[in-house]
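Take a look at the structures listed below.
Shared chain: chain A. Partners: chain B in the first complex, chain C in the second.
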Partner chain A sequence: MEERKALVIGIDGVPFTLVKEYVEKGYMPNLKSILDQGFRLWQMDASLPDISSVSWTTFLTGVNPAEHGIYGFIHLDPRDYSLRFPNSGNVLAPTFFQILGLDPGGKDSSLARKYLPRFKEPRSSIVINVPHTYPAYPMKGVLISGFVALDMARAVYPPVLVSTLKRMNYVIDVDPSKGHRDRDGFLEDLFQALDTRKEAFDLFFQGKWDLFVACITETDRLHHFFFDAALDQDHAYHNDFVDFYRKLDSLIGHLYDVFRSRWGDEGLFMILSDHGFTRLKREVNVNRALEEAGLLKLRKDGERYQRMAPGTKAFALDPCRIHLHMKDRYPLGEVEEGDGESILRDLESIMGDLKDEEGNPVIRSMYRRDEIYQGPFMDDAPHLLCLPVDGYDLKGRVGTDSIFASSVFAGMHNQHDAMLLLPGNKDFSGKPHIGQLAGLLLDYFCGEDH
Partner chain B sequence: MEDYKIRSIVKTVSWRVLATLATMLIVFAFTGEAKLSIGIGLVEAFSKMILYYFHERLWLRISWGKLKHPLADLVLNKELSPEDKEIIRQRLKDLGYM
Partner chain C sequence: MDHLDQLESKSIYIIREAYYRFKDMAMLWSVGKDSTTLLWLCRKAFFGKIPFPIIHIDTGYKFPEMYAFRDRLAKEWGLNLIVGRNEEKIKEGMGPFKGSKLECCNELKTNALKQVIARYGLKAILLGIRRDEHGIRAKERYFSPRDTQFKWNYEDQPAEIWDQYKSKVEEEEHFRIHPLLHFTELDVWEYVRRENIPIVELYFTRDGKRFRSIGCVPCCSPIESNASTVDEIIEELKISKTPERAGRAQDKEDTYTMQKLRALGYM
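Up next, the complex of A and B:
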C-alpha cells in the first residue's frame, strides 16, 4: 500500500479576511512562509447554519445536515417542546476517518457508499479536539473529543489514554464563563490551553497514523470575547489579541515543520476554519419579531419553547432556523400542509423587511429547506434559514421584550468568510465549501487527487 | 457481538460433515468394515448435530473468556441527566449560543 499521509489543522472561527490581513502585516510569518512554498489561501463557505457543531460535522462527514442529522447545538423535541442537545451519537453519517478505517460504525451516507469500495486496507487516524465528537466512539486510531464534552473519561478513545491526558493537565475546553467575569484570567487560560494543545499534538504525532486532525478551538473563544480588538490598535486588548495569533502562527509553523521533516514534501497539508467571524453590533431576537408579526404566541408560564401557545404558526431556533408549527408534527401545531407556502412567503417578507433602529437591513440572505438540504433527515430541517448582514447576531431566545438588544459579546460567526489553506495545485470550480473537503481528503488517500 | 441462529445452524452442519467423515474413516481403519463405518457415522451425525447446536447456543450466553471491546457498553445517545443538560446549557449560554 502506498504511504499517503495527511495533516489537517482546524482553527475554529478564524476568518479568511483577518488571516490575510495579519499575514500582510507580518503577524503570521510562519503562515506566510507556508504560502510562499506554493500553498494558496481560500475564502470558504461554512455550513448552513454556520455554527461549529454543524460545520465540523459537515467537514467530518462530507454530507449536508439532512444527511448527517445535525442542524444546531440544540434540537427541539417535537413531542413536548423540550430542548435536546445532540452529540456524536446523533451524527447519522460516518466521518471520513471512519471511512478510512473501513469501519463506518453501522452508519451510511452517500460519501461512504462512494468511497468505502475504493479502499482495501484500513488507515488509522488521530483526531484531536474537533467539536461535536463527544462521546468518543470506537475508531481505527485515537479520538479525543472537543466541545461540548462533559467528562474526560468518555471523551477519549481508546480509554486507556485518559490517564496520560490527565497527567498532562490536558483540557478539552477553557471555562467560557470566566470570559464574563475575569477577562485577563480568561486570556491567560487561552494562552495556556494552546500550550497544552501543542503538547498533546506532539505526543500523538510520534505515533503511527495516516491522517492527523489537530483542532484548535481557543481562537473561537478569543473571538467571542475580544474580536473588537482584532484590528483596533487603540483597543486595550489589541496587543494580546495579536500575540495570541503570533502564538497560533508559531504552533502552525511547528506542526508544518514536524510534518515535513517526517514525511517530506509528499504528504497533504491543509488548514481550515469552520466559519468566519465578524464584529458584533446588535443582537436580533428573531422570535420577538415573529411575536410582533402575530406568528408566535406565548403563554406566560413555562420555560422557553414550552411557552408556545395555540395560534403559533412559526418559531425560531438558534441562530435563525425558522420552523413552521406543523399540525402533523407538534402537539399544538396548527399549520396544515397546504398553508405552509403562504406562511413561508409571509416569513420571507417579515425577515426581509427587518431593519434596525437606524434603518439598516438585518438579513443578507434566506434559504428554504429544499434549496439547501437533501437527504433522509429533512423532517428536522428548518423551513426557512436566514443569514444576517455582518454585525447582526440572530438569536432564538424566547420571551424577550424587544427585537434588538446590545450584547456582552464582541464577535459573532459568519458563514461566508471561513478560511482554507491547501497546496496551490488543488482547485475548485468556484468558492470552496466546507462540505467538499472530506471528499478531497478521501480522493487523496485513494490516489484520485490528480 | 451476538450470532444469529442461522450462523449457529450452518456451523453445526459444516462441522458435523467434517467430524462424521473423520469418524467413518477412523472406524473403517480399525475394523475394515465399510457398512459399520457408515452406520456409526450416520447415527453419530444426527445425534451429535442436535447436541452441538444446543451446546453452541448455551455457550453464547456465557461471556466469560470473550474478548470485549472497551466501549462495548457505551450507549452514545443515552438520555442526558438534568445535571448534564444544565452544564451544556450553561456552556452554550456562556458562548452566546443560547
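Up next, the complex of A and C:
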C-alpha cells in the first residue's frame, strides 16, 4: 500500500478576505511562506445554513443536511414543540474518517457507497476538536470531540486517553459566557486554549496515523466578541486581535513544518474554515417579522416554541430556517399540503421586502428546501432558508418586541466567505463548497487525485 | 436459592421491615413494570392482601391503556387505591405544552404526591426505583429520608450494612423505601416471566415499536422493536446498548447545551 498522509487544519469561522488581507499586511508570515511554496487560497462557500454544527458535519460526511440529518444546533421536536440539541449520535451519515477506517458505524451515505469499496485496508485517523463530534464514538484512531462537548469522559475515544488529556489541562472549549463579563480574562483564555491545542496536536502527531484533523475553534469565539477590532487600528483590542492571528499563524507554520519534516513533500496539506465572519450591525428577529405579518401567533405563557398558538402558519429556527406549521407534522399545525405554496410565496415576499430602519435590504438570498437539499431526511428541512446581507444577524428568538435589535456581539457568521487552502494543482470548476472536501480527501487516499 | 429467589426474598424482607416500622405507609404505583412488580412482591409479602393503600398519581396525561390496566388490577387484587391528582393545577390547564416540562412534572406529579402525603398523614412510601436506572439513583439507600420539601441529601445518608436500616431521623417528614433497588432492568423482566406478572401492553411491540419506559404520553417515545413477548424483550435487552430511559426527555444535558449556545448568541 502506497503511504499516503494528510494533515487538515480546521480554523473555525476564519474568513477568506481577512486571511488574504492579513497575509498581505505581513501578519501571517508562515501562511505566506506556505502559499509561496505552491499553495492556493480559495474563497469557499459554507453549508446552508452557515452554522458550525452543520458546516463541520457537511465537511466530515461530504453530504448535504438532508443526507446527514443536521440542520442546526437546535431541532424542534414536532411532537411537543420542545427543543432538542442534536449531537454526533444524530449524524446519520458516516464521516470520511469512518469510511477510511472501513467502519461506517452502521451508517450509510452516497459517499460511503462510492468510496468504501475502493479501500482494502483500514486507515487510521486522529481527529481533534472538530465541532459536533460529541459524544466521541468508536473509530479507527483517536477522536477528541469539540463544541458542544459536555463531559470530558464522553468526549474522548478511546476513553483510556481521558486521564492523559486531563493531566495536560486540555480544554474542550473556553467559557464563552466570560466574553460578556470579563473581556480581558476571556482573551487570556483564548490565548491559553491555543497553547493546549498545540500541546495536544504535538502529542498525537507523534503517533501512527494516516489522516490528522486538527481543529482550532478559538478563532470563532474571538470573532463573536472582537471582530470589530480585526481591521480597525484604533480599536482598543486591535493589537490583541492581530496578536492572536500571529499566534495562530505560528501554530499553522509549526504543524506544516512538522508534517513536512516527517512525510516530505508527498503528504496532502489542507486548511479550511467552516464559515466566514463579518461585522455585525443589527440583529434581526425573524419570528417577530412573521408575527407582524400574522403568520406566527404566540400565547402569553409557555417557553419559546411552546408558546405557539393555533393559527400559526410559519416559524423560524436559528438562524433563519423557516418551517411551515404543517398539519400532518405538528399537534397544532394547520397548514394543509395544498396551501404550502401560497404561504411560501407570502414568506418570500415578506422576507424579500424586509428592510432596516434606514431602508437597507436585509435578505441577500432565499432558498426553498428542494433547491438546496436532497436526501432521505428532507422532512426535517426548513421550507425556506434565508441568507442575510452581511451585517444583519438573523435570529430565531421567540417573543421579542421588535424585529431589529442591537447586539452585544461584534461579529457574525457568513456563508460566502469561508476559506480553503490547498496545493495549487487542485482545481475546482467554480467556487469550492465545503461539501466537496470529503470526496477530495478520499480521492487522495485511494490514489485518484490526479 | 437461585438469583431471582435471592432478589425476591431481599425485597420481601424490606417490605415487611418497612410495614413493621411504619404503620402509616403506602405504596406508589405508576402502573409501569417496576412498580407493578413491587405490587406483586407486596402481595406475596402479605399473602395476597396488602395491608396499606396504593397511591397512583394521575397527571391526566397517562396512556389510556395504563388507566384501564390500573382499574382492572385494582379490582382483581382488591387494592385500596388512592388516586392523587393536583386538581387545582389540572383545572388551570397545566400540561407539557404550558410552561416547561419540569414545571409540569413538578405540579402534576411532585405536588400531587405532597398533597396525598399530607392528606393521609403518611410517614413512609414504598417506591419501585432501581439502582441501574440512572447514575444518581446508584447513590440511593433502601430507607431514604426526605424533608418536607422532598429534598434528598445524598451526601449525608445513613449507612446500610448487615441489613440494618435506619428509620428514625429527626425533623424528617417521611421516608422513601426502595425494596426493588437491587433489581436490574433485566432482573425485573426475568422475574416478570417467572412469576407471570401482568404488564401493560404498551411494553410489547405494535407496528414495529414498543415502550421501554412509560409515563405521560407527551414525554415518552417508543423504541424500534419487534419484541412481542416477555421472552423476546429479555433477548432484546441482553444485546441492547441503549439506556432504558433514552426515550425520556434528557433535560440536564440540554440545559447545559442551551447555556453554551446562548452565550454565543444562539436562541
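Definition applied: the second predicted complex is superposed on the first by the 450 of 450 C-alpha atoms of A that agree within 3 Å, B and C clash if a C-alpha of one lies under 4 Å from a C-alpha of the other, contacts with A are read in each partner's own complex, and residues count from 1 in each chain.
Convention: a contact is a pair of C-beta atoms (placed from the backbone, for glycine too) under 8 Å apart; a residue touches a chain by one contact, two chains touch by 3 or more.
None of these values were measured; they are calculated from a predicted model.
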Practice prompt. Once the two structures are overlaid on chain A, check if chain B and chain C clash or fit side by side.
Written response: clash
Discussion item. Going by the contact rule set out at the top, does A:Ser88 touch chain B (first), chain C (second), both, or neither?
Written reply: first
Practice prompt. Would you check which partner chain A:Pro176 touches, where first means chain B only, second means chain C only, and both and neither mean what they say?
Written response: both
Discussion item. By the touch definition at the top of the document, which applies to A:Gly375: first (chain B), second (chain C), both, or neither?
Written reply: neither
Worksheet item: When the two structures are overlaid on chain A, which partner does A:Phe409 contact: first (chain B), second (chain C), both, or neither?
Response: both
Worksheet item: Which holds for A:Val148: it touches chain B only (first), chain C only (second), both, or neither?
Response: both
Item to complete: Identify the partner contact of A:Glu303: answer first if only chain B is touched, second if only chain C is, both if each is, neither if none is.
Response: second
Fill in: chain B versus chain C as contact partner of A:Arg79, first or second or both or neither
second
Worksheet item: Which partner does A:Gly399 contact after superposing on A: first (chain B), second (chain C), both, neither?
Response: neither
Worksheet item: When the two structures are overlaid on chain A, which partner does A:Gly439 contact: first (chain B), second (chain C), both, or neither?
Response: neither
Practice prompt. For chain A, give the residues common to its interface with chain B and its interface with chain C.
Written response: 73-74, 83, 85, 147-148, 150, 173, 176-177, 179-180, 221, 224, 318, 393, 396-397, 407-409
Discussion item. Give the list of chain A residues in touch with chain C in this complex.
Written reply: 73-74, 79-85, 147-148, 150, 173, 175-177, 179-180, 221, 224, 301-304, 306, 318, 331, 393, 395-397, 407-409
Worksheet item: Can you list the chain B residues touching chain A in their complex?
Response: 69-71, 74-78, 80, 84-85, 87-92, 94-98
Practice prompt. Spell out the part of chain C that touches chain A in their complex, as residue ranges.
Written response: 96-101, 218-219, 221, 249, 253-254, 256-261, 263-267
Fill in: Residues of chain A defined as touching chain B within the complex
51, 73-74, 83, 85, 87-90, 135-138, 147-148, 150, 154, 157-160, 173, 176-177, 179-180, 221, 224, 318, 393, 396-397, 407-409, 412
